[in-house]
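The two complexes that follow have chain A in common; it is paired with chain B in the first and with chain C in the second.
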Partner chain A sequence: MNRILHPGLWVALGLPALVGAWPLLTGSPANRELVFTILLSVTLASSLNILLGYTGYVNFGHIVFFGLGGYIGFYLMSAHSASLYLAMAAGGLGAGLLGLLLGRAILRLRGAYFALATIGVNEAARAFVNNFKPFGGPIGMSLNFQVFSEYGGATDALWLVYRLMLLLTLSVILVSFAVKTSRFGLGLRAIRENEDAAEVMGVVAPSAKSWAYTLSAIFPGIAGVLFFFKNGNVEPIDAFRLHTSIEVIVMVMLGGAGTVFGPILGAGVYQRLRGLLLVSPVFKNIQLAVAGALLLVIILFVPAGVVGWLRHRFPFLRRVLE
Partner chain B sequence: MILQTKAVSKRFGGLMALSQVTLDLPEGEILGLIGPNGAGKTTLFNVINGVFPPEAGRVIFLGRDVTGRRPYHLAGMGLSRTHQIVQPLTELTVRENVMVGACYGRERLGLGPARRRADETLDFVGLGARRDQLAGSLNVAEKKRLELARALAAGPRLLLLDEVLAGLNATEIAALVQTVAEIRRRGVTIIMIEHVMHAVMNVSDRIIVLDYGEQIAEGSPEEVSKDPRVIEAYLGDPNLAARLAGSAG
Partner chain C sequence: MIETILASLIDGVLLGFVYGLAAMGLALIFGVMNVINLAHGPTIALGMFVSYFAFTSLGLSPYLALIPAGVFGLLLGMVIYGVAVHRVINAPHLSTLLATFAVNMILIGIGTAVLTTTPRNIDFRLGSFVAGPATILWNRLAAATATIVVAGLLYLFLQRTRPGKHIRAVTDNRAAAELMGIPSSRVLALTFGIGSMLAAVAGAVIATLFPFNVLSGGGYELKSFLIAVLGSLGNPFGALLGGLVLGALEGVLPGVVPTTWVPVFEFVLFVLILLWRPTGLLGGRQ
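What follows is the complex of A and B.
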């Protein structure tokens, strides 16, 4: 069976590619900003899905990798005038390395204990950065406006960041599909279903989980560099928002944990919903409460998420919705 | 010897689950492991395949000391087992369950060969028609056979069967006993824990009897069934003792 020809892959890549091409075709900065947010969410949700959906470990600290990767890249750009590309590589590597080390330490915990530990990791990372002088402590860091001139000025730099974000999103989807349909992914799903039984069958659970965690950490690390470069400044409060981690979990669960297309759909729908709520006078202050209520409804009534439910209800869709 | 345990002991709090269990298993043999409930049979399996380490004693598999190694090390070396309480990967299909065994067992097959191996193995245990169903939708007898298929697909050298016959009717038992004999003909050494006496007595070359964690008898099915200590151990259930003597006699 040739995996490259699987329609599920092309549906999962096609929708984000179409949506992502729209601002490039219209050239509208407003569209670009809107779609950037959606692509960022898709990247965060699809990468979280590798751990949450395939491996079955609930991670409340996914945003740590986004924050820390962003900080590492930002530090290199502002203090050492590194290029954006070098900063992206360093942010991804730094986040991946943190994932590998953390994985060795906390992935031996299971269920609720692992989830609690990940909240601790998020708070610890924020406290660390708050007190780490080279990263600017609680004030954070800013980029000199000059750096954008290297990329043809601020306007061109924003378009460049957008194109890189689109590329990153498509890469994470490709990786997510590759993992799901691989031997490695089969081992991860065995761990999700019954870790003890998986070990008895020969799945080396400690190392498989560590690699899943590492893989899911690299992409938010790179995304963080792009996001904060675009912002021009970085602060601990923006980099380590616990509630963003929870929103990403909502996206994955909404679309369907453990499917390739689910997190993509969930991220898109959630971001559109969030955008509508934020401009509504009634909901703009309680937008997060809606996220919480949504999560509750999903877990109670459609635990498989939209894509999981569709795959279950209409088996013929399994060919196109992976 | 494919497997040896040397004076293996395991304690749970104040309970001595295994005390000084020593066994030698030559390649190609079917060893029956019997004893009353709570005798420590499953605990012995758990110690052999590394689910938990023994307090004392050594486990030697294929000439290597594997005491305290993790279950996945032993699976990679060619030890497969089934569980008394079935452990299906419920949200994966039946075929995917068996593919996990094939991919991560001794032969470490790639996905394509693992899929072919899974289909062959499922046909062999009679689950071929269920391959695309979710494992959670099988009934208990089918889940037992799925356990067997997963273990077999790994291409094991040694197979530990923990009450695969429990809960099956007479026809199913007869069929599965045939299957077990066929597995041995293919060169796999087997230890089976079983309460279905006539089956284990017929298919085993040798029997070891455990009671309260101690080896109280060892020998051919005939010898064991005439051993007064064995009959005594089963006296709580005189019928069982009678059947035990009858089936081998």
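What follows is the complex of A and C.
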């Protein structure tokens, strides 16, 4: 019962819920698109945080789950005219299954070797989908516009996707909090600090790591289905962008890896900052360089991220920011 | 049939030398300081541009242009080490991976803004000659020769000179090397410089073979990971061998499977080697 009353959970859930409710109240499509991007980033960052922040394994291929889940769901919707809900379930399940199988194999590697393997997985997945005929090869797939009529026309369908995205984001945060405050999460953090010592203390590291990987894979899989359904088409280049994986890592690091609130804050700040840089004529051409410089400053001077730094600097915040 | 395969095998192996050169710097840096340099790709790309400008503006022969490209890479690498790597050299892997990736983003961002992504080309063709079934381009043979020369120089440097011995001492045991009076920070900076120099020289060599733009380094960076792991991460001469293997594979595979499937095989192979023998073909230290 205590965990449900923890203020850290309500801060972490409250901010995205407030921001997420804003487009619903104003009914403005422009706001909806803006907040959708932020919610998607929060989902990706919070799910990555389970592996990167709690367990301490660097995953450069987080976007594989987003792309693969999106592709599975999209394939079901376009080729077998499955419903969006079924596609979401299939996308999440497919990504989770891949995470479980892949985790069993590559989580034996540690440190830099694991990071390299995830880059390899990302490239292999993209190259494979590029050649996989049922998924449309390099051209990808697109949805017939008729599909949207099932959900009350294109406009209503976009609002439906938005509400589902908000729901998904809030569930990721809930899971992230539940993991962090559970015994399982304690095991993960022990692995992060020292894997050998954790095993000696009775943490079954291989299975704990695999489950962390699986858990962090399910949510991007579902998010991918929503994203590509909204777009109406899916291409290998959009689905497996190594660059997006790294952007998600930047968000987690910016907010604070290993905290529940950090990835939420980091994703929001990063997306807002990126939006501002893109419209500014001075920074438009070098927005990548600015993002890189920002990342470098965080890594070198504030490795704990904003939330980590705040928790360290102001002890009373530790009760509010989890 | 056999003749076609043989011809593409020769072509692939010659290209493999260049791949190996591109991966040597990555392997050297990892071997000495356990850092995977994710700024490797942009360094390769900038090497291409140094050679391009030396050729188009100064009229330098592309093979002489390897020297300014190398000097540029050396300086760039030492600056990257000082700014981005030194502070986090003892931190967990995540820090150095992300720090070098941040440098990658900065270099690509500025490079794209200044140099644009228009494809460039060093217009320098030496012609070809026929040897048995194969038609060999002089450009490729010269590129392979340049690689062998650079690898030989690196070997002599590491084995015979005092800074080279310092690098090997720091590789074996940084703490002990420091106790012997070796300034390890300077040695690490030098190593990072040499690793980047090899990348830039590789870029300059690649520029004599293919058209390129500022983003071209990325593909060679990915190949370099594969090659370095294939050869044995941390051993620059293993990387050269890995490059030859990859070059041969790329020469032969398109004859057996559709060309677009080649990257699938390459990266699946990469993950399998990591799992099955992370120390690579040459074995070596874990």
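Operating definition for what follows: the second predicted complex is superposed on the first by the 321 of 322 C-alpha atoms of A that agree within 3 Å, B and C clash if a C-alpha of one lies under 4 Å from a C-alpha of the other, contacts with A are read in each partner's own complex, and residues count from 1 in each chain.
What we mean here is this: a residue touches a chain if its C-beta (ideal position, glycine included) is under 8 Å from a C-beta of that chain, and two chains touch if they have at least 3 such contacts.
In this text the structure is predicted, and so the values were computed from the model without any measurement.
A.B. asks: Considering only touches as defined above, state whether A:Ala124 meets chain B (first), chain C (second), both or neither.
C.D. replies: A:Ala124 sits against chain C, while chain B stays out of touch.
A.B. asks: State whether A:Val58 touches chain B only (first), chain C only (second), both chains, or neither.
C.D. replies: A:Val58 contacts chain C only, not chain B.
A.B. asks: Let me test your reading of the model: by the given contact rule, A:Val203 touches which partner, first (chain B), second (chain C), both or neither?
C.D. replies: In the superposition, A:Val203 contacts chain B only.
A.B. asks: On chain A, which partner touches more residues: chain B or chain C?
C.D. replies: Partner touching more chain A residues in the overlay: C.
A.B. asks: Applying the touch criterion given at the start, work out whether A:Leu186 contacts chain B, chain C, both or neither, answering first, second, both or neither.
C.D. replies: In the superposed model, A:Leu186 contacts chain B only, not chain C.
A.B. asks: Touching A:Leu109, do we find chain B (first), chain C (second), both, or neither?
C.D. replies: The answer is second: A:Leu109 touches chain C but not chain B.
A.B. asks: After superposition on the shared chain, which partner residues are touched by A:Leu167: those of chain B (first), chain C (second), both, or neither?
C.D. replies: The answer is neither, since A:Leu167 touches no partner chain.
A.B. asks: Looking at the overlay, what does A:Gln287 touch: chain B (first), chain C (second), both, or neither?
C.D. replies: second
A.B. asks: Once the shared chain is lined up, is A:Asn194 touching chain B (first), chain C (second), both, or neither of them?
C.D. replies: Touch partner of A:Asn194: chain B, not chain C.
A.B. asks: Once bound in the complex, which stretches of chain C touch chain A?
C.D. replies: 30, 34, 36, 83-84, 87-88, 91-95, 97-99, 101-110, 112-113, 222, 225-226, 229, 233, 258, 260-261, 263-264, 266-268, 270-271, 274-275, 278
A.B. asks: Hey, which residues of chain A end up touching chain C in the complex?
C.D. replies: Per the stated touch rule, the residues are 52, 56, 58, 105-106, 108-109, 111-113, 115-117, 119-121, 123-124, 127-128, 130-131, 138, 246, 249-250, 253, 285-293, 295-296, 299-300, 303.
A.B. asks: Under the touch definition given earlier, write down the residues of chain B that touch chain A in their complex.
C.D. replies: 49, 51, 70-72, 75-76, 80-81, 83, 87-92, 96, 99-101, 103-106, 110-112, 114, 150, 154
A.B. asks: Across the complex, what residues on chain A touch chain B?
C.D. replies: Answer in residue numbers: 1, 182-183, 186-187, 189-190, 192-194, 196-205.
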